[in-house]
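To keep things simple, chains are lettered A, B, C and D as they appear, and every chain counts its residues starting from 1.
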Amino acid sequence: MTDATPGVIGTAIATSTPDAIYVRDRNLVDDLLGKVDFTSMIFFHLRGRLPEPGELAVLNSVLVAVMEHGLTPSSITARLIYSSSPEAMQAAVAAGLLGAGSVFLGSMEDAARILQEGVRGIEDGITDAERYAKEQLRRRLDARQTVPGFGHHIHRPDDPRTPRLLAIAEENGVAGPHVELLRVFSRVMDELKGRHVTVNATGAVAAVLSDIGFDWGIVRGFSLIGRSAGLVGHLREEQEQPLGRHLWALAEAEVPYLGEKGEQ
Amino acid sequence: MTDATPGVIGTAIATSTPDAIYVRDRNLVDDLLGKVDFTSMIFFHLRGRLPEPGELAVLNSVLVAVMEHGLTPSSITARLIYSSSPEAMQAAVAAGLLGAGSVFLGSMEDAARILQEGVRGIEDGITDAERYAKEQLRRRLDARQTVPGFGHHIHRPDDPRTPRLLAIAEENGVAGPHVELLRVFSRVMDELKGRHVTVNATGAVAAVLSDIGFDWGIVRGFSLIGRSAGLVGHLREEQEQPLGRHLWALAEAEVPYLGEKGEQ
Amino acid sequence: MTDATPGVIGTAIATSTPDAIYVRDRNLVDDLLGKVDFTSMIFFHLRGRLPEPGELAVLNSVLVAVMEHGLTPSSITARLIYSSSPEAMQAAVAAGLLGAGSVFLGSMEDAARILQEGVRGIEDGITDAERYAKEQLRRRLDARQTVPGFGHHIHRPDDPRTPRLLAIAEENGVAGPHVELLRVFSRVMDELKGRHVTVNATGAVAAVLSDIGFDWGIVRGFSLIGRSAGLVGHLREEQEQPLGRHLWALAEAEVPYLGEKGEQ
Amino acid sequence: MTDATPGVIGTAIATSTPDAIYVRDRNLVDDLLGKVDFTSMIFFHLRGRLPEPGELAVLNSVLVAVMEHGLTPSSITARLIYSSSPEAMQAAVAAGLLGAGSVFLGSMEDAARILQEGVRGIEDGITDAERYAKEQLRRRLDARQTVPGFGHHIHRPDDPRTPRLLAIAEENGVAGPHVELLRVFSRVMDELKGRHVTVNATGAVAAVLSDIGFDWGIVRGFSLIGRSAGLVGHLREEQEQPLGRHLWALAEAEVPYLGEKGEQ
């Protein structure tokens, strides 16, 4: 996917003159502002071309799906930091994004990598979907590892977002080999475990983003964009109806002091 | 704008059951996913209702306008952090957002507050546009302060984004008293200075967001959402064609060691 | 305090050669490593000379005093982020430091500025301690503002750290006009309020750091250094006996979903 | 090293009453403030006991060694963020710490883990120093991986900090099996490569911290503490003699706009 010239130093993203701003060689004011929506602009910024309608539908659905998850470490953090530092909303959003680490986003990235490496192997004739899924799943299950894209602590037996995300890709004609491979993984997983295992939203997001051409290395970025919007919403609520002090008081009241644990 | 009940602890943003996720009382999967675009979802998350077409057009134009500004402290920071910590893309985006502080975003917030306080005063019959603009501008000019929403170090005599943003609001029928007041400020500013002063994009963004009903306290949030998308684009370029090491080397080569400055 | 040459670009902090590292013109390995303790090095880095024994005693006591405060927004945040992103301890410490904002550190900075401006005024013969304290306190009390350095939500009638910090400065012969002015403020405050008001640790830290010559603009930095050490301690406990998930579950269990609040 | 009781929720770090603060069961004011220096307090906070003189000497030398490295991604970032957000010094320090990621600190952690796993294996009679070093080094060299603790881009043939750090541990009687194992690694490394390879400060820090009993999992924390102090020093210089704007201008001037790279 890269077209970088080795050793060349520079950026192709943006430049300015006194009367114009160019983003990836298009005039921001004449060609983009008022003509493209934010999601199309995100796609354009990353890919250098505007999205086709199906690509746009999928990217919108992904950003809508990852935006909000209620009170999580990420939104709790943003609210605590905002209550300590209301002059710096950017610090609250930044702190909240730091909660979007390996535990939550690592699995989305891993799921996308597994699917993309599989599709490449299938296209190169090195493996087939069934064999690849079996190998990948057996190795992880034997090592008692979690499998990226599978399982959920609340949504069982099915994560309601998963069929909807896959349907959106299909209805818009952009479901391809990665969605197909995810379905094979799901079938093989159920056979190996002898019961139905949830395909979570992370797995579905990984598959549909892969089918519209995003490299697994940037998949985490879409969560960060969506989450930043969700966090701003939490901070708006925090401005009107603060929780930060209450969350602090809860921690003080409910976490006992254990006294000394001894020397180490 | 607040409808919080004093003393009530809680959140109205989101909740989950095993087979459903609700965001502000709507079923995420049945009512939102695949039906609303990301920008509409941002509006809905903040306001509890979907935007009208004109409101949506304005919010899209604002997010597109603030997304990308080339190599700024924010994007340089994101690239430096990514080169030090490629396992944690969220840290690079978070660090970049920390650069969206008072110097860059404070003026957007201040411009929105000045316009909203002015419109309130006019509606309450306490002042009129001409008088309010004169008072506000004279006080700042006399104190040799910058005026939020005015001036630009590159874009002169006019910031090309400003007329476009205002035109989008007008063409979509949502320009109102804040855009009008900004125009009065501009005319009075030119009279007081005896020359044309640039109305920058910050001023235009403040006016159009105010006219679609956003409180000045949350205005900074839209920059953070837009900027997070811009930063992800810079990190994608950094993955393909790294600048981080080069920027570090530049600093080392071009910033001399001055030796000891003496005791303090 | 500044000795910067206007327009000169450079740094006087550090430089390297293949076989040596210089920090503020001293050879790190030959002159500092093994010869100075960490606190002396912090003082040296900021001031370009090593501390006198009294200065060292005061700086140590300040860093010890600000290091640990139990479960606060700062340490709760660090633990939540660590549980989400255990591969990036730096993200957890960074997020925790973002909680050291205006609400907690602003008052330390403000207290130092008030004391330093007062001492300057007294030395210049413009005011005297009694008059300055009365003016400063009356203005804030009349405006129903908090007074930096006064009041505490737990430690009443006295913050136990305050007399100890002031005594350390006095015993070490480095208490000076800022400690003296703080005492005048305390006496005047009690007179104006008709009861004893707590002088908190923030006020004491501000006074003793001012008396050993630190400008109010850098006072916040010592809290950040001390707090970073405290946060590392919390993360060590988090590694051994995790609280992060429990804090998350507490928030989910104890913060009710309020349903829709209506449109805005 | 852990003494956590599984399933027990709580903290043993700190608690407060109206007239006292306890840190790990000691009264902060009566037992610690004015009696222990900052470095001893850091040790105490992590270990629940005060350090022996040799342990204190080593910890001081480590914190002094890691504190300052000149203009690195970390300090450049802190200065850029400070110039954008001077009202929030904590944001600048936080952003700088985010630059202390895997590229710089991962190797310190890895070096400590390799040494600690080796010493455990030797003590358990599973391996011996020579064999362990050969296995570890050959595996990495064969895979063309970097070896944690070895190599430096400026300091050749030797990092001047390394012999000094090891000598401090030895002179203070706390050098033990990890320092010894590091020396074996160095000898074997030179044999395998047929030339002398630099043992860098990272390797030395890992060895001496291991010999005074710190688990590899917390080793990264000492860099964060030391670095936070270094960053505060850079921000003090930034207040007096700003570099932030210059670093931004450098990036704008020296990184060319490459125009469009084509679609992806």
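Going forward, a residue touches a chain if its C-beta (ideal position, glycine included) is under 8 Å from a C-beta of that chain, and two chains touch if they have at least 3 such contacts.
Note that the structure is predicted; figures quoted are calculated from it, not measured.
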Chain A and chain D are the same sequence; what rotation (0 to 180°, nearest 5) superposes their CA atoms?
180
Going by the average position of its CA atoms, which chain sits the greatest distance from chain C?
A
Go ahead and note the Å separation of the Cα centroids belonging to chain B and chain C.
31
Which whole number of Å gives the spacing of the CA centres of chain C and chain D?
24
Cα centre of chain B to Cα centre of chain D, whole Å, reads 38
Give me the residues of chain C that touch two or more other chains.
1, 3-4, 8-12, 14-15, 46, 70-71, 85, 87-88, 90-91, 94-95, 98-102, 243, 246, 255
Within their complex, state which residues of chain B touch chain D.
70-74, 76-77, 80-81, 83-88, 91-92, 94-95, 98-104, 243-244, 246-248, 250-252, 254-255
The residues of chain A that touch chain D in their complex are 1, 3-4, 8-12, 14-15, 22, 24-25, 46-49, 85, 87-88, 90-91, 94, 213, 255-264
The chain B residues in contact with chain A across the complex are 1-5, 8-21, 23, 28-29, 32-34, 36-39, 41-42, 45-46, 57, 59-61, 63-65, 67-71, 87-91, 93-95, 97-102, 105, 154-156, 158, 160-161, 164-165, 167-168, 171, 217-218, 220-222, 224-226, 228-230, 232-237, 239-241, 243, 246
